[in-house]
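Just so it is clear, A, B, C, D, E, F, G and H label the chains in written order, and each chain counts residues from 1 on its own.
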Amino acid sequence: MLLQKKDKLVMIGDSITDCGRKKPEGEGRNDSYGHGYVDMVNAFLQSVYPQLGVRVINMGISGNTVRDLADRWQTDVIDHQPDWLSIMIGINDVWRQYDLPQVMEKHVYIEEYENTLRDLVQRTKPSVKGLILMTPFYIEPNASDWMRAAMDQYGAVVKRIAEENGAVFVDTQKAFEPVLEHIYPATLAWDRVHPNSTGHMTLARAFLNAIGFSWNGEQ
Amino acid sequence: MLLQKKDKLVMIGDSITDCGRKKPEGEGRNDSYGHGYVDMVNAFLQSVYPQLGVRVINMGISGNTVRDLADRWQTDVIDHQPDWLSIMIGINDVWRQYDLPQVMEKHVYIEEYENTLRDLVQRTKPSVKGLILMTPFYIEPNASDWMRAAMDQYGAVVKRIAEENGAVFVDTQKAFEPVLEHIYPATLAWDRVHPNSTGHMTLARAFLNAIGFSWNGEQ
Amino acid sequence: MLLQKKDKLVMIGDSITDCGRKKPEGEGRNDSYGHGYVDMVNAFLQSVYPQLGVRVINMGISGNTVRDLADRWQTDVIDHQPDWLSIMIGINDVWRQYDLPQVMEKHVYIEEYENTLRDLVQRTKPSVKGLILMTPFYIEPNASDWMRAAMDQYGAVVKRIAEENGAVFVDTQKAFEPVLEHIYPATLAWDRVHPNSTGHMTLARAFLNAIGFSWNGEQ
Amino acid sequence: MLLQKKDKLVMIGDSITDCGRKKPEGEGRNDSYGHGYVDMVNAFLQSVYPQLGVRVINMGISGNTVRDLADRWQTDVIDHQPDWLSIMIGINDVWRQYDLPQVMEKHVYIEEYENTLRDLVQRTKPSVKGLILMTPFYIEPNASDWMRAAMDQYGAVVKRIAEENGAVFVDTQKAFEPVLEHIYPATLAWDRVHPNSTGHMTLARAFLNAIGFSWNGEQ
Amino acid sequence: MLLQKKDKLVMIGDSITDCGRKKPEGEGRNDSYGHGYVDMVNAFLQSVYPQLGVRVINMGISGNTVRDLADRWQTDVIDHQPDWLSIMIGINDVWRQYDLPQVMEKHVYIEEYENTLRDLVQRTKPSVKGLILMTPFYIEPNASDWMRAAMDQYGAVVKRIAEENGAVFVDTQKAFEPVLEHIYPATLAWDRVHPNSTGHMTLARAFLNAIGFSWNGEQ
Amino acid sequence: MLLQKKDKLVMIGDSITDCGRKKPEGEGRNDSYGHGYVDMVNAFLQSVYPQLGVRVINMGISGNTVRDLADRWQTDVIDHQPDWLSIMIGINDVWRQYDLPQVMEKHVYIEEYENTLRDLVQRTKPSVKGLILMTPFYIEPNASDWMRAAMDQYGAVVKRIAEENGAVFVDTQKAFEPVLEHIYPATLAWDRVHPNSTGHMTLARAFLNAIGFSWNGEQ
Amino acid sequence: MLLQKKDKLVMIGDSITDCGRKKPEGEGRNDSYGHGYVDMVNAFLQSVYPQLGVRVINMGISGNTVRDLADRWQTDVIDHQPDWLSIMIGINDVWRQYDLPQVMEKHVYIEEYENTLRDLVQRTKPSVKGLILMTPFYIEPNASDWMRAAMDQYGAVVKRIAEENGAVFVDTQKAFEPVLEHIYPATLAWDRVHPNSTGHMTLARAFLNAIGFSWNGEQ
Amino acid sequence: MLLQKKDKLVMIGDSITDCGRKKPEGEGRNDSYGHGYVDMVNAFLQSVYPQLGVRVINMGISGNTVRDLADRWQTDVIDHQPDWLSIMIGINDVWRQYDLPQVMEKHVYIEEYENTLRDLVQRTKPSVKGLILMTPFYIEPNASDWMRAAMDQYGAVVKRIAEENGAVFVDTQKAFEPVLEHIYPATLAWDRVHPNSTGHMTLARAFLNAIGFSWNGEQ
């Protein structure tokens, strides 16, 4: 597995990452990590690799776009001096274009998204052991749905930036594919965005597979 | 894996099983499965084996002893006609002897525990595909601690009944052992009983390993 | 307009009708009619035709299927002795099949839906001046979406029963079509079911057009 | 209709406009527009003219007088750069003279009212496509009632300013007249000021008629 | 003064009497008598005539009509064995005709009002030292207002019954007259029904004058 | 009566005056004047002398001593430019010596009390039509009770300052005397300080008698 | 000390005993024993004599008189089969005569008090190892205060019954005497009835001295 | 006893000291001292030595380490000018190492603990009559438990500093020993840290014995 003894992993993003985590830092007792994929990832790491003493900090904030991440990058990422950093952002960048079409100030179009995300990744890369870039997703199997189509384009941006920078890449949209063959979106998420535990487990599993996690604790 | 297409799995127990599940039936949307090992087990089954359409129902109730399970066995187990049934009970049977020593009406001593549990298992066995018996546990590495020692005796009862009845056996106390080599009990559970997500993941993993779950979804 | 002086109109249905109405009877001051299409219909009737003194009663209950309507038909419809009765039911009958696929007890399949609805209509027809049957709907423009496709079938049932019984027919799904050409579903309803005021206005307008309402108050 | 594609309409006023809207900006999902005539106007525009993509922002604040509007004019009107602006103010200017007669600091007498409103209109006129001035109203049919008589005088001021400035004029008091012939004030508003949905529909309809709205969506 | 040593006075009515009194009996410490004219009457009697030890019990219930009084007459009046009984009822009997015109089940028309009130008075008269009948009122100076005109008719009924039965008569509507010459209704009561302390003092003073109360404690 | 048309009366003090009044100014609708003697005084003035249009403002604050009054004198008295000012202070000055004997910082001994009160009165006298000084009180008939004895000394200070400055003097302790002959202190106030309505009526009556109030509204 | 290994002590009474204890049985974790003398007595017994394992159950209920104790004697005393029983009752029996003088139904006069208490003691005596009778008290040093004088008479009744039946007697009024020489009643209890921790420690100490408790744990 | 007439005793510490005390100063009526050993100590001093008028102030704050004490030493200790000062600190210094092992910023290791505590003691010693140093504790009888072992080392530091500075020393861990011979830790404290009243009485008694308190009030 990529993570090593005493490594610190910061996970940043929007409400999918946040999930009710403790503020200002998402770590500690009880519900500190929220009730989403971050909590699951941490629980996997602590229970399967207890000897590593990995430290996970959830820095997601509900409603964030990449523009919001840029605003809080220094205090919420750099100042924590992470060894590893995961980023999952973009859902709200797209969603506001589709649920608040007139409120254009809240839309983050794809050029701004790409430029901002690339800038954050390039600035951070020198000071970490590694970056893990996760695509945004939309729990809708119809690829010609307006919002799903837009989300796929934002996902492609993430992939490009990951490749440019040698980051670990997690294709969350793809991770949902086999599940959506059997389960209707409304079972996973009433709004096709905020998943239940099954959806979060799907995300956690995609993340863990990408970093070389072993179910049996092999390092 | 033991579970098959459309199987219904009922999981009964105390607060470790309950974890804030929906009442009267612990299934459905959002927090319906509670925030513990049952929710994780369900999330694993749905996300890794979506084609099976397994149905999980959480029937845990906080504070229950085996005596309480017997009282609600007909409505809460038999009437649901499960294909599979998991039972994890005994923590409160022991705990009340140690946190309310004078209130003897609330103590369930080991003879009553064994007789009641055996009776429930034997009554239910003919109508299910299989039973999964999980030991109670105490997150305390010192085996000569009074309450840990008692809990081990109750765990031995569970093992004996599992063997007598050909049930799947899950030794939860043993599952905590490798974790407790590296992590102090207070990290996992302030009261050494109600675990955080790391502890619940430990329980879920022990359960899943016992039923032949594969991380890669192999059936 | 179909409604005449002092007529009493009872409107029954699920959460789309309910919208937080007063219980047990949805009429009176302030929020008594809920915050949905029923409140709008009533406001239209009172402000444009104040001389009629029409009485509107909202009898919707959130989560109801046609099976629930049948259970409360005597007290909630017949006992009110309405002159006119509107029914909009079926969304939950379909939805539970898609958001709780394993919980089959909550599914109302199309045969039961048709038989129950027809029976209610036929029993009530003799004692009212007229019936208004509204289709269920799903705010999703993709006609091959699993749940939309199912909803269309239930809508066809409503149309058939309306025709058989000479009831006023309101095709709510069709009313959403011109709106969905320009507005993405998530703007109207995050879950594609519970609409915002724009969606409810669409429903109210479809209803009013069907009963011969005139914006200028012509009778 | 006066409003055109992508036009932005800001609606400012007191509690009749506010109706529990979201702060600081009254636009977006769910209850963002409040539960009054603004929400209805927006719902009409979106559902009947979805192709226009008109943007409505509710900037009413409960308890405001024209003096309060002047205090927040820059941030709450000018900074939003509206294409259209509607103003309905004056009820509290009058009401405080009648419900708190000794608290003279809270009274806005007619000279101050006229001067302030005229000044706001003249300052704003050059930067908008059009202004819509709505009179204050009092839901009391007796024209010699002290407060109704005063309200009529304030309404006459609004009419004068509208004419001077070529603004669209909405006589809300007159809109209530046909309704009050049949319905007693207490049915519409217990305090003769804050109307129920019937009253708000009356206001919305008066507003829409003034801007050339067509029930059938004709532009 | 009519009341004598140790006399028990029961005061029954609607929300004007209730004013948040303690249930089921309105007597005792702190807010037990509510915050209206009953509390004031009691405070006058205890502070000016402490030697009498008069006992006052507030039995008003918000929303009551004379029909509701009849329903609870045995338990709420007769069973208390009062020496004196005051009744102020009728506001809701009239009001529902004007704020809920379609909901005719809630209207108590004048014949029913008169018959019921007369019956209650005649049944009770033999067992008490005296009855005090207070008219309902409407804080509206315009005598041709629909609801005020109706209220005056109900008040005339009270007067007639008082005269027939030799009861003390309190004309509350008349008590408001000199106040309404100087103060607009909205100062006293936003809904023209539920008065502020000034209105309740007006009621208390009318009541006390009728029973021969002396400001200086003369008996 | 001393008060004349349009006069403004400010009433300052501690919790006996405050009684839950609106902050920052105790005037206006509903509970603005609190539920104590100030509310009663205002209700008397408005209902018996409606033609005067007297303005009453309650500026009491719970827990205040004369030291606290001095701290807020400019904003809470002078800035309101009262025509008449009433002061009732001293209960907490004494009480803290008896309920928190060790917390000497909170004690206001009699020299400080006298000097501060005299200073406030002398500073304010030139700018008002008149001052009304009310003694503190203790609802305890036993004059040799430690705290009652102390309170009497503080009351004597108030009397002396009133005489020196030609202020209207209200001896509240004396007003309670005839009541306490018949009623035990616990009936009036569980803590012998915060009276029920009977106690507040006693205070209001003492105040009104001192300013020449007439029950029949004679001026 | 009178209590011996495994003895069960039930303590019954009014609010002084209750102090917010757990219902229906006042024993167990955290605040189960309330925050008064019972909690202190239990804490003394457990911490100084841990080897005894004495069981204490708090059965006090706020507001109770001896009449209420009689009503619940079977379920709340007899059914618990105590080894020792303490009773402290009578405060409310007296208090209601002084704070609700007109509400005579709530007064328990001294004959009823004596007869009822004696009856309860005589019925219970045969089945317990011993009874502890505590007097009611009133935190008022003035023996000629009306209510204090009455309380002393009720205390004398308790003493008489204790002597007649060989019960342990605790004179709580006397226990307060040395404290009241130095501390004013308002420091101990704002209403002279419900003491702070100092007052409860005074009660606990009087109780413990009466049963032979030793600070050093000597048996 | 060490404390003398009018002495002021400040008690500082963490949650064991705090116990819900009033902020900012823990003294006064009702729950001001919290519900722990400080409240008991105060109750003992006031009820057994009422003539001394000792003043106790609880300055504990939940979650504090010695590092937090240093931060607030000037305002929370020095500024109060105590005659006596008790300190019980260290539990959180140790606990964070065991319940949040990765969050090293919150750990206070033994060198920092010793240096900080010694510094505080030496700075304060000259200005007080005496210091009382209480060890931290852990309610766990197994001396080889990781956290108990660490706590014992911190306790040894306290003892050393007490001896160096002539302070009164209270070995709280030792005080629990005889209790833990008979009672399992979970009875006293579910988390082995926050004790019930039995545990707090154990602490209070250890404290009182150390300062020469006599159960019979001997000075």
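Convention: contacts are C-beta pairs under 8 Å (C-beta built on N, C-alpha and C of every residue); 3 or more make two chains touch, one makes a residue touch a chain.
Here the structure is a predicted model, which means the values were calculated and not measured.
Visitor: State the pair with the higher C-beta contact count; candidates are G-H and A-C.
Guide: Contact tally favours G-H.
Visitor: How big is the rotation, 0 to 180°, that puts the C-alpha atoms of chain A on those of chain D, in steps of 5?
Guide: 90
Visitor: Rounded to the nearest whole Å, what is the centre-to-centre distance of chain B and chain H, using the mean of the C-alpha atoms as each centre?
Guide: 41
Visitor: Approximately how many whole Å separate the CA-defined centres of chain D and chain G?
Guide: The answer is 67 Å.
Visitor: Just the number, please: Cα centre separation of chain C and chain E in whole Å.
Guide: So the centroids are 46 Å from each other.
Visitor: Two or more other chains touching the same residue: where does that happen in chain H?
Guide: Residues 29, 53, 99-101, 183, 190 of chain H each touch two or more of the other chains.
Visitor: What chain pairs are in touch here?
Guide: A-B, A-C, A-D, A-H, B-C, B-G, B-H, C-D, C-E, D-E, D-F, E-F, E-G, F-G, F-H, G-H
Visitor: Of all residues in chain H, which touch chain F in the complex?
Guide: On the chain H side, the touching residues are 8, 27-29, 53-55.
Visitor: How about chain D: which of its residues touch chain E in the complex?
Guide: Residues 95, 98-101, 142, 144-147, 183-184, 186-187, 190-191 of chain D touch chain E in their complex.
Visitor: For chain B, which residues are in contact with chain A within the complex?
Guide: Residues 29-30, 33, 35, 39-40, 42-44, 46-48, 50-51, 53, 178-179, 181-183, 190, 196-202, 205, 215.
Visitor: Any idea which chain B residues touch chain G in the complex?
Guide: Per the touch definition, chain B meets chain G at residues 99-103.
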